[in-house]
Every structure is written in structure tokens, then in C-alpha cells.
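Below, each structure is written out as C-alpha cells.
Look for chain A in each of the two complexes below; its partner is chain B in the first and chain C in the second.
Take a look at the complex of A and B:
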């Protein structure tokens, strides 16, 4: 084994199996929206650890800042003021890569090894292999990858794969002052989330629940939502995300079949020539025109 | 002699230049595009200086192809209007492919198959440019909703595969029909060749003799 503490079990644009001998536990970052106070410590910690610095933007009259994910802001807090049965609620969701078990970005990527998935479930971009086509943006059901105008590569949350590989928790989880972000094995996190959901239900949030959408095989970033029946109110969190049928069609079996068909066409042409011979001027016509030769 | 004036002029120098320019750019666009089509073809990026260069260059090859193909389209469009005789020709195409041309209706400058191919090329080109712009991430994709980019990705890949298949057919048809590559290379064809493959055109060019 190479000097690496995590195997890569899935690799973009690779048709043979990746190392899958060893088994690792799946990890999850659990974001408890009901505990988040919107302080953005996680946003700052992310930039600190990953050495990214976004441009100073302009104030849009809301707390969201920056207004969207960028190649330098891999996580942003999304603030929504929503009227629910309980009156006006301020819902704050930490947005970023969900680390899908079946990632649409990885499926779409044409560059071998530009997107990988580690055995613990983390989905990571390897920018040195990225060609900048943006197919991952087309494939992502959560609108996460951002193409950098500076180097033409895409960036997104790494789930601090470098920290996790050496047994640390992600920078955002480390820094969260209210414990709204916790990190651990998927089993532990589901257990913890269930406790949180039960607590919320006992306090009148009848529809509280866990967000771990099965359409993408489950995710390695999960939310505890007060209103799990309406994820859309959390700044458009998709209700039943899945890799678009168009992307599945685009990246599906039709392509290898079409490639074979093209090759078969070339062979077919050759054998047509061998069996039928060329389409030449007939003897009679040649005779008629023999003066021309 | 290649340019014996007794031979019939089939393609003018500008038509030939335009054709071969289009052919060269097509190969650049198709080989660079194929490298993203399936991992099997990714090594083709080495022809263009690696993955990033291939990604940068491909759409520009596509636009160059549009310009060159567009020139051909307007040059040849009138000559490719499909007539009832061409439809009849297409109905007998199996016999032709089997090597038996006795029942084939007389072809004009272009036969029914060539004309159909011409319009299919034009349709593929139109689909490729329209979808190609939508998936051109560096400059245009941000103008379109992601679902449109997804549809365009499918359309682009499908139109490209069809166009490549048509070109394979086109090249083979040119090899199969002896001397037709010479026609595109040197412009003139032997009268016997014209009489054999394009009898109606032959009569038109020779003022009805034979």
C-alpha cells in the first residue's frame, strides 16, 4: 500500500475497479439546522484551514455573504425568513457539498481521476487532473461545484479530507460554537440525529427529521431539519434530489454501445469492399470512351 | 493528365479548397470532442497538448467548422435539392450497395444518397453548434439553466456520434466509388466516369451527346 491512509474507491472516467480490498467506515458530517445560530464561524474556519480568501463583496442588505458559493467560498450560510405554522422562523442552513454516495459530478466528469471518492465516502476534486470542462456542474444535483476564473479548475468542499485522513474532524465541525456541526461514522451520526429529531418533536416540531436523500444513495453530509417535510424552505434544498435522468442518459450505456457501433461501421465498410468490390466504371462504358484514355 | 480539359469539371478550385478545409477541421473537432465522449478515447487529448488544451481548443474547432461548413452549405445547397427521381434512387439504394446499379434511376450531379447525406450533415452541424454553445462552460453555460445544459450535453454527444458515423460512411462511399476522391482532389473527372455514375449530369455537361 502506498503511503496513504485512505483508499480511493471510485475515480472519474475510469472503467476498471479502483482499490476496494480494504473496508473503511463511512463518515458523516451532521449539520443540525435547529442548533445553528448563523455566526459563520464555520465559514471562516473553512477559509482558514483551506487557505482560500474570497474577494471583499458588497452588502446586499441580508446576512448572506458572499451571496453564493464560489471557488473560494466552499461553504456559505443561507438565511431564509419563512412563515410556518409557528409564526416567522429564521432558518439558517450551511450550504456546501453533500458528498453523495452516488455523486453526479463524478459520474459526469470526463477526466480520469479529476474526481475521486475515498473509501470513507468523501468526494474530492483533484484539481491537478481537472480539465475545466464543467461537466461536474452539469451533473451535480445540488449546484455545488464552482469553476475558478483564475485557473479554470473547479473547487468545492473537501470535507477536510486531509484532516479526516489523519483522524481530525473537519475545520467547520471543530470550530462550531454551538455543536450544530458534528462529525463521526455514519451509524453514529444517524443515531445522534435520531436523538435530536426526537427532542425536536417533543418540543412541537412534528415534522422534524433527518435529511439523507436516498435518490443519491444517501449523503455524507446530513442535516437535521425542523421541517423535514419541506426541505425547499431551507433556501431551496431539493426534496428528492437525484442525478438527472438526462445525465444518466448522457453518461449511460448508450455511449460505449455507440462507440462500438462506430468501430463496427469501419469494419463493416472494409468487409463490404472485400466482399462486393469497388464501384467502378463498367467495361461497356469504358469501351465507348476509349478514345479518351 | 489530371487536368485534361477534355475531362469534365466537377468541382471548382474554391469548392475543393472549401471541402478539404472542412474535412481537416472536422477531424480536429471530432478527435478532440471524442476525447471527452468516453474514457476510452481520453488518450486522444495527447494529440492536442493534454486535457486542458483539448478542452480549450475543441469549441473553437467547432466554430471554425461551422464557418467552413457554412461556406460549403451555401455553395452546394441548390445542387442538393431532393427531387422525385432522387427519392426513387433512395428506394433502390440496397441494390446499389449490393453492387447492382441496373435499376438505379439516372443520377444528376449528385445522387439521392449524396443529397440526403448533405442535409443530414447540415442538421447535425446545426444541432452541434446550438448545443455546443450551451455546454461551453467557459463563456456561455452560465446563461442557461442547468437542465438546458443537461439536455444540450445529450444532444451534442448524440449529434456528434451521428455525424461521425455519417462521415465514416461518406469516406467509405468515396473510396468505394473509384476515382471520386480524384474528383474532389483535382476537380475534373473522366467522361466515362461521369457517364457511369452521374448520367443525367453527364448529358447536361456534354449537351446531350450519348
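Take a look at the complex of A and C:
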């Protein structure tokens, strides 16, 4: 394990424990929605670094382009025109993977090692191991992963794990001309966000706050929102996201029981074979069967 | 194919058995690795963004170590963190510069479209320089104004303008200024706001 961020704390569909002795610095990308001008430099830098290119789309009469996340566009700007107490506001949110501390995608994934979580908090997809079932899409409380029609594998933001692994910031954070995206340790980013929230409050945004939802154990992509009491106005950012109860149930409690039931079934069949032997059909029944034909 | 009841049960049992065994965890190790860092040992070259007059600093990463037999090709560009103008940041146009370099629509050689013609014709650099010099000289000979109406020496050439590159350094800007002003041109922008 040459690089620190390769210390893996969790792997999908794996029962053996991951080496968990080492603890690296937890990293966070902080997106200050109040500073974002929606220039999409992050979108361009993301594609440039990750060597993905989306096909040229069509104009839908709004600035959103592309209209949704794709297997090639791992981050998109969401533009919302909202009437608030302050009049008409244009809220621009950079959408993408939130890198949850308790990732629904990883819990839902049935392919061993297709989704991993590094000890620095990054949740990364290992496309080589992906079987393209799409369970991660169902498991994600933020609706982020996208299935590629080209190779049948699922893609999403990696938080530039390849850059972070060698001590660099993600491409989007580096390029952001207004400094709306910043990157650092979780402690530093919370400190930075608190400063921004205080500033926004002094400018009359009484409900300004940090978006770091506890329902998914906190996230490694956090937002500073002007209206933190209503995250829904930022293009449907969930107020209280959590991993679906079905995912928790099926991949949690039910899984060992089901495995046990399967093993018991096999063992029972074997035991039955040894004690009772194969089911011999008497010649009379065989004859009856033939006559019926 | 005729499948007897017995064969059908055998196939079913074998299928359930193997999938159950697989579910018990006899799969291969889950190996994980971040994507290989793609800039290791690539050649770094500093430059200035060619788009607007803000002139952000760039670091361009190219394939090969400039060895004689290695043809360089730029494959990644990001902001120069040491540049005082942008300190590593880039706008969406700057962040997508690598596609601008490799664009199939990029102008690669001088082209000429004759007045009234609809077609662009490829010409050599020599031809292009000669043509521009000829046009400039003819226009200057015709319209150069040595003195104004009051007889004061002005040495103006007002019928031609000049746009210089946005990526000029102070020094190249100074030289551009000297060359252009020496011809009498007044209308020029040394840092084209394009």
C-alpha cells in the first residue's frame, strides 16, 4: 500500500474486515453556494482531468448543461430561480457525489470491492469490479451514480482520489475562480464554513448554515447554504437524507440469515441424500407413467 | 433436448448448491486502487492562457521528457498556483484548453479568402506576410498624414488598426507598442480584449 489514501476502511459485499489500523486525515470539499457564480469551470476541469467527454447536447432554454448527471458528467451545476423572503434569488448548486461517511451505494452494492471507502473519507467506485446491476443508484440518497450505456458500469465523482492520493486538491476545487469550492481536512473545512456562515448571517441571511447531514453519518462534500433551513429549494437537496430502510434491511440483517438458510438448505439436502438415498421410482409407477403417454 | 424429471432436479440442485457456496464468501480478493496519477514524469511547461486579457498562468503537461525521439503532446492543462494573477484557478474556457489545442477546427496554417470569394485557400507564411505587408504599405502610402490642417507635425496613420495578443508579457507589450507606433498607427490594443 504505497499511497496513504489507499487505506481502505470499507469494501462492498465483503465480509472479511479491511485493514483498519491506520487512520489518515479526513478530507472534505466545501462548496459555498453563496459564492458560486455558476461559471461551470468545475464541470470543465472535472472532464478534463478525468478524461471523460459528454456529447454535445441541446439548449433547453436554461443554463443547466447537461440537464442531468451522466456517466461522463460527474458534476453539474443546478440553477434554481426561487422566491424567498428576499425576493427572487438565483441559487446555483454544484451537484455531485457527497462522499457520505455512511454510503448507501456501498451498502447496496453486491459486487465485492466494486465500491470502497478510503480512510480519508472518499467513496470510490472500482469499475473493474462493477457488474452494472445499478443497486448503488437505488441505494444513493442523493441520486448520483449513473450507469454507462457504453460499458454497463456505473460512474460518479471520485473526489479526484488519484490527485488526493498524491497530495493534490481535486480538479474542481483547484480551478474554481471565485473560491466557492475549497478543499482541506474536515476540521479546517468546518472552521472555514463557520466563518462563511457568520459572514452570511451578518449580511441578513439569518438561516445560513452548513449542510453536513447526519442521516448519512456526515458527508465529505459539504455545502454552505444561504437558506440551510430549506435545502429543498436548492434543486431538491434532501433535507434529511438517509440510507433506505430496505437497503439497510436486505444488506444488513437479512443477508446473514439468508446465507444461513441457503447453507442449511444445502446441508439438509446432503444429509437427506446420505440418510435416505435417492428417491427410487418403483417399476409400477414407471409403467403407469409410460402408459399415460 | 429431452429433460427427465430427475435431470431437471439435478440441474436445479447443482445451481442452488454452487450459488450458495459462492454466497458464503469464496470469491477472489477485492483489490482496490485509485486511478494511476497521470502526471508523473510528464514535462511541465509554464505558459499564459491565450483567451482574455486577464492572462492567467498555466502549467501544461506533455507526454515525453523532451528526448530527441519523443514527440511531445500536451494532454493536460491546469492553473499555475505560483502565478499572481490566478493562483491556480481557471475559468471554464481555460479549464478546457486542452481540447482547444487538439480541436480539429483549429487554424493550423495561414489561409486567404479573396474579396468576393467564398473559399479559403491555404497559403504559405511567406505569402501571408507579403500580402499583409503589401496591404499595409499601400494603405499607409495613401492615407499617412504627416501634418494636420494647422501645419503641425502629427505623423498619423488612422486608416489601419492593430490588435496584439492577449498573452503578451510587459516586454513584448513594450516592443509591440514601439513597432506599431513607429508606423504612425494610433488605433491599437496591446492586450486584445477578446
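Note that in this section the second predicted complex is superposed on the first by the 258 of 293 C-alpha atoms of A that agree within 3 Å, B and C clash if a C-alpha of one lies under 4 Å from a C-alpha of the other, contacts with A are read in each partner's own complex, and residues count from 1 in each chain.
One rule holds for everything that comes next: a residue touches a chain if its C-beta (ideal position, glycine included) is under 8 Å from a C-beta of that chain, and two chains touch if they have at least 3 such contacts.
Because the structure is predicted, anything quoted here is derived from the model rather than measured.
A.B. asks: Between chain B and chain C, whom does A:14 touch in the aligned arrangement: first, second, both, or neither?
C.D. replies: Both partners.
A.B. asks: For A:134, select first, second, both or neither according to whether it touches chain B, chain C, the two together, or no partner.
C.D. replies: first
A.B. asks: Check whether A:112 is in contact with chain B, with chain C, with both or with neither, and answer first, second, both or neither.
C.D. replies: both
A.B. asks: For A:282, is the partner it touches chain B (first), chain C (second), both, or none of the two (neither)?
C.D. replies: Only chain B; A:282 stays clear of chain C.
A.B. asks: Check the residue A:259 against both partner chains and state whether it touches chain B (first), chain C (second), both, or neither.
C.D. replies: both
A.B. asks: Touch check for A:62: first (chain B), second (chain C), both, or neither?
C.D. replies: Neither partner.
A.B. asks: In the overlay, answer first, second, both or neither for which of chain B and chain C A:269 touches.
C.D. replies: both
A.B. asks: Contact-wise, after the overlay, does A:198 reach chain B, chain C, both or neither (first, second, both, neither)?
C.D. replies: neither
A.B. asks: Between chain B and chain C, which residues of chain A are contacted by each of them?
C.D. replies: Common interface on chain A, chain B vs chain C: 13-15, 112, 129, 259, 262, 265-266, 269.
A.B. asks: Using the touch rule from the top, collect the residues of chain C that touch chain A in their complex.
C.D. replies: So the residues of chain C in touch with chain A come to 13, 16-17, 19-21, 23-25, 27-38, 76-79, 81, 86, 88-96, 98-99.
A.B. asks: Report the residues of chain A in contact with chain C in the complex, numbered from low to high.
C.D. replies: 3, 5-6, 8, 11-16, 39-41, 43-45, 47-49, 53, 112-113, 116, 124, 126, 129, 158, 161-163, 165-166, 171, 174-177, 179, 259, 262-263, 265-266, 269
A.B. asks: Looking at the complex, which residues from chain A come into contact with chain B?
C.D. replies: 13-15, 110-112, 129, 131-135, 137-138, 143, 147, 152, 244, 246-247, 249-250, 255-256, 258-259, 261-262, 265-266, 269, 272-273, 276-282, 285-286, 288-289, 292
A.B. asks: What does chain B use to touch chain A in their complex?
C.D. replies: Chain B residues touching chain A: 6, 35-42, 45, 51-52, 54-56, 97-99, 101, 135, 137-138, 141, 146-147, 149-151, 153-154, 157, 161, 164-165, 168-169, 172, 175-179, 190-193, 195-197, 210.
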